[in-house]
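In the two complexes below, chain A is the common chain; its partner is chain B in one and chain C in the other.
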Partner chain A sequence: MKKYLTFTVKAFQRTLTYRFELWMELFINVLFMLVYVYLWKALYTGRTSVEGYDLNRILTYIVVSQTLLTFTFTLRITRIIEEKVRTGEVVTDLMKPIDFQLMTLATAAGTSSHTALFNMLPKFLLFYGVFGLSLPSSLLMVFLFIISVVLGYVILFSIEFIIGIFAFWVVEIRGLYAFVIWGLAMLFSGYFLPMEFYPTFLAKIAAVLPFRAIIYFPTAIYTGQLIGERLVTALLIQLTWVAALVGFGRLAYRAAFRKLVIQGG
Partner chain B sequence: MVRRYFKLYFLLAGAYVRSRLQYRLSFGLMCFGIVISEICLLGLLGALLAKFRTVNGWTWAEVVFLYGLGNLAYSFMRILGSQLDDFDRYIVRGELDSVLIRPVPPLFYILASRIELIHVSRALTSVVIFVVAFHLSGIRWTLGVALFTFTTILSGTLIMFTLMLISATVALWTTKSGKLTDLLISATKEATAFPISIYPLAVRLLLTFILPVAFVTYYPAQQLLQKGEFLGMPELFQFGAPVVALVMLCVSYLFWCSGLRRYHSTGS
Partner chain C sequence: MPIITVEHLSKHFKVHKRRTGFWGNLSSTISRKHDIIKAVDDVNFSLERGELVGYIGANGAGKSTTIKMLTGILVPTSGHIDVMGLTPYRHRKENTRRIGVVFGQRTQLWWDLPVIDSFELLKHIYEIPQNLYKQNLEFFSEMLQLQPFLSTPVRRLSLGQRMRCDLTAALLHNPEILYLDEPTIGLDVVAKEQVRQFLRQVNAERQVTVILTTHDLNDVEKVCQRLIIIDSGKIIYDGGIDALKKRYGKTRMLIVDLAQAYSDIQLDGVDLTRRDGNRIWLAFDRDTISASEVIAQLTARYEIQDLTISEPEIEEIVRRIYEIGVY
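And then the complex of A and B:
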């Protein structure tokens, strides 16, 4: 376990190098979130509640989901794996007595905890303060929210990991990445609006895909939209996706590595 | 002279396009992904406005009109200026040094060495979206309207391009800019998809004077849609896009040149 933690710490430290970049990124992220917050404020003028969301709850939803979306565009797992395969650097990883998938996850966790601490938390607090958002209803909910965020993160990671592993077979995977992450995930994760607002047929498609488990579930737990039995179901769905996608990722990279050996590197 | 540059541009860009087309499946998937995501986002926007009817007095058709206009400028800029997206690569890897010794202006060479046809799919989608929204908003096509629309799209493309150039140039000082350029341009594009009247004054001023993307969609739309919504700004702003584009072009090019003058190779 300790050796994996080293990857996490190193990745965390590496991100500290580019301060200016991080500040600018934060500034632009805030601009992004302002667009959506003011859009919803304008939409809600003269209304009290739509689909069970009053203004405060919808703003909370938008800010939390936009904050969680940061993981999607800062996680660069696909790109990192693709580059390792293309340059052949992946061979040195294979020689190490470690699990490739776990090592990649540990590295990603390092970068992402930095993002969470220095990008997501400050911008969330800023919006929380300025727009008077709400907190989860109890400490238990905060706890369940964090669990759900972590599960969603592992799902996002696993999807990116699997796409990255495809690089062993096809050299160019940017297309697949753009299609899945910028197409499907954006549409079905619920970052733009809560699932309750989706037209029925879109909501039906979303229900069989893993993407709503990345953003919608944790956010809806935060806002109190998912409670009781539905909350438990949501967490179970997340766990199932984690198991399935992590498992598939392992199978995929084992097959990929076997292929690599056959070719002789 | 001009003809030589044209030839050179097509030669360089053509080589890039050929290399991209080696991976047909990936190319196709990427185009498909872009088209799908555009249509889906529009669907979500539609779902939203079906519930709420209007945003600050703007109907669905009018919002889609803004969205289409911004998207058109964005996709043209993306086709031609994609190279600025990860310009810091040139500096980190020391590739800029080899660009500087070529007998053409560095910016020309950099832009010509990549033309991203993937974004043609976005441009085509945007054209369809825009034309439909144009029709739904009840605008009649006349020669004047056509000319105005053309100028607006051209100016919008230039304004977005100059913002991209400025943020890419920052890398000449800081060496690395990461996803900054991409983020900035996506954020500003997103901001122009909605009437700026929904934002507080500070954001409106930001989008008018500092990152002047309000001239890509909002102000020209005042003329085309006859909304007469100027929020205390001069009514002349509806014709301001070309002027803003020219000013931005000068500013960004001067900034680029001053960046190049102080550039030191990373030595790697």
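And then the complex of A and C:
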């Protein structure tokens, strides 16, 4: 286990190398978040509450979900795997006594911890202070929120990992990536609006897909939309998706490896 | 007990055949035909512990395919491989713990981390005990003079520096076998010499078995005791370098500048292999005729301005083997 932790630490340090990129990302994120916040403020003029969301709660929802979205566009797992396969670098990974999936996850966790600490947290605190947002109702809720964020993160990771593994079979996977991550995930993760605002048929589709477990569940736990039995169900759904997607990623990777060792690189 | 035994090893690849033209395209989409390429074809050899072997062949001869099967990332179509008592593709992880691999074309170091960080990662990956790690790092840093750039990110290293780091990375965990795939590619003369000397020393002092593939036959001549030549998937020579020279190096070449372009040149026991104006190339077998006899014949019949005798270089021998096969 310790060897994977080293990957996390090194990936965390490596992220420091790309300071300019980080500042650019942060700057653009903040602009987008400002636009969303003012959009919702404008939409709420003359209204007090929609679907159980008052202005403060909707702003909190938007800021938290936008902050969590940062993981989606900083993860780059698909790109990294695709590049490793294309350049043949994946072979050097396979020549080491190490588990490829765990190594990739450990590396991603390092990069993302850095993002959480130096991009997401400051961004969130800025909006929290300026717009007077709320905190979760109790320390337990903070704890459950963090658990839910981590589970959502592993789901996002696994989806990207599986898409990346497709690179062993098809040369071009950017289309698939765009479709899943920028199409399906954007639409069904609940980052545009809370799931409560979705028309019934879209909500039904969202319910059978893993994407709402990435952003909507943790955000709704934070804002207090999901409590009691529904909160427990949400966490259980997340756990189920984690198990299913990590397991499927493993099978996909095994199949890819089998293809590699039989057909060559 | 050999450390590596390879018996009747073959690897065949299926390559899809594309037909041309409209109907060809259409039928290709419906039913694909394929050719079988025999990348490695019934190869046999064995290596003793501590041997230093050059594994050479033209591009596409099957060198890398063999190395990939030995390292366990390619499953043979048929045949048997035994590496330290393991079947590499079945015991891939265990096998990787006991081997080191260096690819000249790509690095196993982390591109944007300082060199020392890559070494530390490897320490954890291979679970190298701290004292052994320190000892090895000191040993290799001194031998390859890594100290000045240990904290430089890998992407800023020169090719020569990177190769020295890659060699260290492959040896930190005390592997029993070291596979090198074109380790001197793109290096300048000084760096090449450094790598060669290092390999000799590591082999001698640490008893590491080394398999080296290369296109630079100077590597082989200066580093290896034994040479395996593979061509179109088959081994065409396996033996000592001196034996190769003795066997194929019997032919000597006499290059003669004649005073004038004689139209008809007749000499006994000598092959006229090439002529260019007044210059002629004469090949002869040193066991059947001596150089002085050839020169005596020449001077008796023709007027000579200058002449030189050349012993065949290993490069020349191998080139001829590639071209015309074993003779």
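Quick notes
Rule of thumb we're sticking to: the second predicted complex is superposed on the first by the 263 of 265 C-alpha atoms of A that agree within 3 Å, B and C clash if a C-alpha of one lies under 4 Å from a C-alpha of the other, contacts with A are read in each partner's own complex, and residues count from 1 in each chain.
In this section, a residue touches a chain if its C-beta (ideal position, glycine included) is under 8 Å from a C-beta of that chain, and two chains touch if they have at least 3 such contacts.
In this text, all values refer to a predicted model and were calculated from it rather than measured experimentally.
Superposition note: with chain A as the common reference, chain B and chain C can be accommodated side by side. In the superposed pair of complexes, A:Leu39 makes contact with chain B only, with no contact to chain C.
Legend: residue contacts after superposition of the two complexes on their common chain; A:Thr92 is shown touching chain C, with no touch to chain B. Superposing both complexes on chain A places the Cα centres of chain B and chain C at an angle of 90° as seen from the Cα centre of chain A, in steps of 10. Of the two partners, chain B and chain C, it is B that touches more residues of chain A. Using the contact criterion defined above for the overlaid structures, shared-chain residue A:Asp54 touches neither chain B nor chain C, since it reaches no partner. The overlay of the two complexes leaves chain B and chain C separated by a minimum Cα distance of 8 Å. Residues 2-3, 6-7, 10, 13-14, 17, 87-89, 91-92, 94-98, 260-265 of chain A are the ones touching chain C in the complex.
Of all residues in chain A, only 18, 20-21, 24-25, 28-29, 31-32, 34-35, 38-39, 41-43, 45, 47, 50-51, 73, 170-176, 178-180, 182-184, 186-187, 192-193, 197-199, 202 touch chain B in the complex they form.
Across the complex, chain A is touched by residues 22-23, 25-30, 32-34, 36-37, 40-41, 43-44, 47-48, 51-52, 55-56, 174, 176-180, 183-184, 186-188, 190-191, 194, 197-200, 203 of chain B. Residues 11, 13-14, 39, 65, 68, 71-75, 89, 92-94, 96-97, 99, 101, 103, 106-108, 110, 112-113, 117, 120-121, 124-127, 153 of chain C touch chain A in their complex.
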